[in-house]
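Each of the next two complexes has chain A plus one more chain, namely chain B in the first and chain C in the second.
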Partner chain A sequence: MSNIALNRLQRECKEVVTNSEISETGIMIEILNENLTEIRGHIRGPPDTPYAGGSFDLDIKIPDQYPFSPPNVKFATKIWHPNVSSQTGVICLDILKDQWAASLTLRTVLLSIQALMCTPEPKDPQDAVVAKQYMDKPQVFKSTAEFWTLKFAKGSVPVNVDYQSRVDKLKDMGVREEEAISVLSCNNWDLNRATVYIFS
Partner chain B sequence: MANDSDENKPTSTAAMTEDDLLLQDQQLKQIEDEQKASPLVGDKLPFYALAGLYDPVSAITFFTKANELAAIYSDIRFIRGDGNCFYRAVLVGIVEILMKDRERLIKFIDTGREWMAKLVKLGFPDWTCSDFCEFFIEFLEKIRDGKYTEAEVFQNLNDDGTANYLLMYFRLITSGFLKDNCEEYAPFIAEGMTLQQYCETEIEAMWKEADHLSIMALVRATGIRLRIQYMDRSEAPNGGYQHDLPDEADNVTPDITLLYRPGHYDLIYRNLVAQ
Partner chain C sequence: MPNVVTILLQDRKMDQRRNITLNVDNNENIAELMKNVEKLTNIPSEELEVVFCGKKLAKSTFMKDLSLTPATQIMFLRPKNLVQLTNSKFDSNNKITDTSILGSFYVWCKKCDDVQRGKLRVYCQNCASTSVLVKSEPQNWVDVLKSKRIQVTCENCFAPGLFADFKFKCLKCNDLAAALTHVRGNWQMTECCVCDGKDKVVIDLGCNHIICQNCFKEYLLSTLEEFRFTNRPPYGFTTSCVYPGCNRVVKDVHHFHIMGQSSYSEYQRKATERLISIDDEGVTCPNAACGQSFFWEPYDDDGRSQCPDCFFTFCRKCTERECTCQSDDDLTKITIDATTRRCPRCNAATERNGGCAHIHCTSCGMDWCFKCVTEWKEECQWDHWFN
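Coming up: the complex of A and B.
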């Protein structure tokens, strides 16, 4: 990365840190290495969404061609959202791809991701299973996303006892909790189908 | 026929799998490596270097045309074909003029400052856009103050880190010009897109090729006189093989002449002896 890009990036980081963003919008960044190629982003789950109260981490990698190429951003915290891969955290967001402009900043990226958490775009999904559930069974989607927020993003909603008991049943069969949650979520919490999926 | 295939096109793009993305990355990397084999801005070469690119038998049309043009043009600078070629060719052409014309250089610096204020007023993201403008202005100021030799200027133009910032200035003012003259230009935007979207996705995005609208906008935003010399099988919009912008003025010597071959622009120079 050129010096000028590095200077700009420092300014971008400052822009987030000093803008009293944490209290107002709940976005934050943390620099992981000196040459600023790896940055950790934090987004507080927006209120009135299934992500409320959760604390979401993002891995941000800055490419050589920054700011002319977009930063590579994905969720490090597992999240149940139509535009985010429930497996890898990869995000489907236009400004991280072909709508990127060199005048955008890390702050705009994080705010855009936060906005995406408020307003999913199920017609342009990253995770087809989540998107289908979002459209066909909105109630199941909501409680699943809340359950994930509680489990993976230190959310504060009361645990869904019904879901937890199904997870525990799979755990009793020797399945890791993370896998149990993932497979149950993908099968609309049908314990039989999840069991068949795992053991067949 | 064309309509048939349009109807069959999927209207929404499905999410790509990780494998697709990986494959796409590899392909992009390969294309990028091939591009990087040539410099961003080539040295000034004798114009007949162009004819040397074509086989006299299998590419007779281009070979003949290149030889015809060699009677009018003496030199050529090949520009890297990375989607930035139009903006880069204009950048280099303008910098060459400004290195020789101090008065114009000073004026161009002032225009740069005006654009910086205007872009912010037009609603461009404040400090990032100003950064690009300031970088461009500083670059010109160093030329003005004799801090760069000509060789150093070209070193900068050939350095990705520097050149991208200079190109971005041109992309921003191209976009700014269209936004500032929205009423005049909005009717030329293809259906299904607003002028704002067009500017953001087609102009402000690096490595996106310029089309006729963005070419016109940059010419008017910079106030240069541009000639495009066509070397494809088609003819220029005025029916000839060359096209002058901003308008077809009689006997006005262009500041910059670009050679257009399908999908690509290079910078060419008129043979002054022959005139």
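Coming up: the complex of A and C.
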């Protein structure tokens, strides 16, 4: 990694690792290795969204050409969002691709992702299934995203008993909980279709 | 510090001209230089005008501010009628000789292989003499970079309707150099928007988003690695400001010399290849030892071309010496048809090796649909995002 990159990252880490930053914006980073190529980001789910109360982790990998190439950022915590793959956590955000600019920082990236959690952009989706649900069945989308926040991001909303009972039914058939939630969510919580999908 | 200057004395009163070489002290001013010339020639200094860089110099100008070298010529003019020139409106206006670090402009000097402070020199477009006076002062870069912008009168050839011929030189080695219009002094001491450093000499694409030379170099090198330069006529393959959302581009490829000579050559080679690949009449020699790019002549064509460099003759379609286009290799054809398209805007050959139908052209930046081969639309998003 070049000197520019190292100096930049050290400065950026200081910028994000302040108490005021955590209390004001709810973003934080944690350095995972000495040469600063692997960083763990944390975003607190923004209030008044289905992600409220959740704690989301992100894997950040710094490429050799940083800051002239964007950091590789994906959700480590599973999240139900039109611009994030529900399977892999890959994020579709312009500044992480061709709109990246060398003057952007880890702080601005995390704040942008937090903003994306507040306002999804279904017209440029990463996960087509989630995007379709967001457009066609906004209520189902909201409760699904809340359910995911509770299950995977240590959210604090009361559990959706109806959803949980369907997950439990699939679990009784020997399906892992994570897969059960995923398949039910993709099928708008239709237990029959989810069952057919898994066992056919 | 003593210095040698060459003086061209144009004596209109006596209709004579002569060359004088003088030792001068850099801490002297023009008034003192005029006294020295008076001693040598017996021409009263009140009758002399000193013309340099297209302008009449003020008597208070110091020699050290003129960036002189032994090859520099200063014109001393003794007019027939003195009144004419003393009325010159450039009397005390001497911007060109301001050469402090922050106020200077910068050049790419090939000899020094570096960015250097530059100096501007003006010549007669007709006789290349330095004995010229500009009729109006250049106001911006265009005035000095484009020809036929600034009119001059030449005391050497007196041709009518003359224009100035501006040349840039390296202040360090005096060689001709290319002006770098985006490099400037950081007079406000603004922070580099990449590293936060405060360098004295910075790059500004005209948007005031400052980047220091070192970061600019790293930025260019990383852009070169994946060749993310995009074709922006009339500037050619260039790159934009590092600030998010800023679309200002590097308007002169001379700035890419900052990458260093070998990287600059690589940039030139790749840009040529890219340009050839998007031109229907461009072709790259398939001979592995050659790789020359050239344009084929559209007339009298049998689909074959000969490389002008290594004389390898080949079919342009299959790039083989013995054409294999007619052979029954359907599988190759099917694969090529299924996986490749050309960008609808810039014609760049594009292969899709996975992912959705949304293609972002790395050559021209267009977003297009691999299925429709037109601009990416919302319908594409919903109807055939994944085919």
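Throughout what follows, the second predicted complex is superposed on the first by the 199 of 200 C-alpha atoms of A that agree within 3 Å, B and C clash if a C-alpha of one lies under 4 Å from a C-alpha of the other, contacts with A are read in each partner's own complex, and residues count from 1 in each chain.
Methods note: contacts are C-beta pairs under 8 Å (C-beta built on N, C-alpha and C of every residue); 3 or more make two chains touch, one makes a residue touch a chain.
Just so it is clear, the model here is predicted, and its values are computed rather than measured.
Steric overlap between chain B and chain C is present once the structures are superposed on chain A. Contacts of A:A128 after superposition on the shared chain: both chain B and chain C are touched.
When the shared chain is aligned, chain B comes close enough to touch A:C92, but chain C does not. By the touch criterion stated above, A:L104 is placed in contact with chain B and with chain C alike. Within the superposed three-chain model, A:K137 lies out of touch with both chain B and chain C [touch as defined at top].
Of the two partner chains, both chain B and chain C are touched by A:R11.
Looking at the superposition, the partner that touches the larger set of chain A residues, chain B or chain C, turns out to be B. Of the two partner chains placed by the overlay, chain B and chain C both lie in contact with A:S2. Shared-chain residue A:R193: touches no atom of chain B or chain C. In the overlay built on the shared chain, the residue A:F68 is in contact with chain B and with chain C. The clash between chain C and chain B in the superposition falls on 202-210, which is one of the stretches 40-48, 58-66 or 202-210.
Contacts of chain A with chain B, set against its contacts with chain C after fitting on chain A, overlap at residues 2, 4, 8, 11, 65, 67-69, 98-104, 123-125, 128.
Residues 2, 4, 7-8, 11, 65, 67-69, 95, 97-104, 123-125, 128 of chain A are the ones touching chain C in the complex.
In the complex of the two chains, the chain C residues touching chain A come out as 193-196, 209, 211, 214-215, 218-219, 222-223, 225, 241-246, 360, 365, 378, 381, 385-386.
If you check the complex, the residues on chain B that touch chain A are 12-15, 18, 124-125, 127-129, 131-132, 135, 160-162, 164-165, 168, 172, 200-201, 204-207. Note for the complex: chain A touches chain B at residues 1-5, 8, 11, 65, 67-69, 88, 90, 92, 98-105, 108, 123-128.
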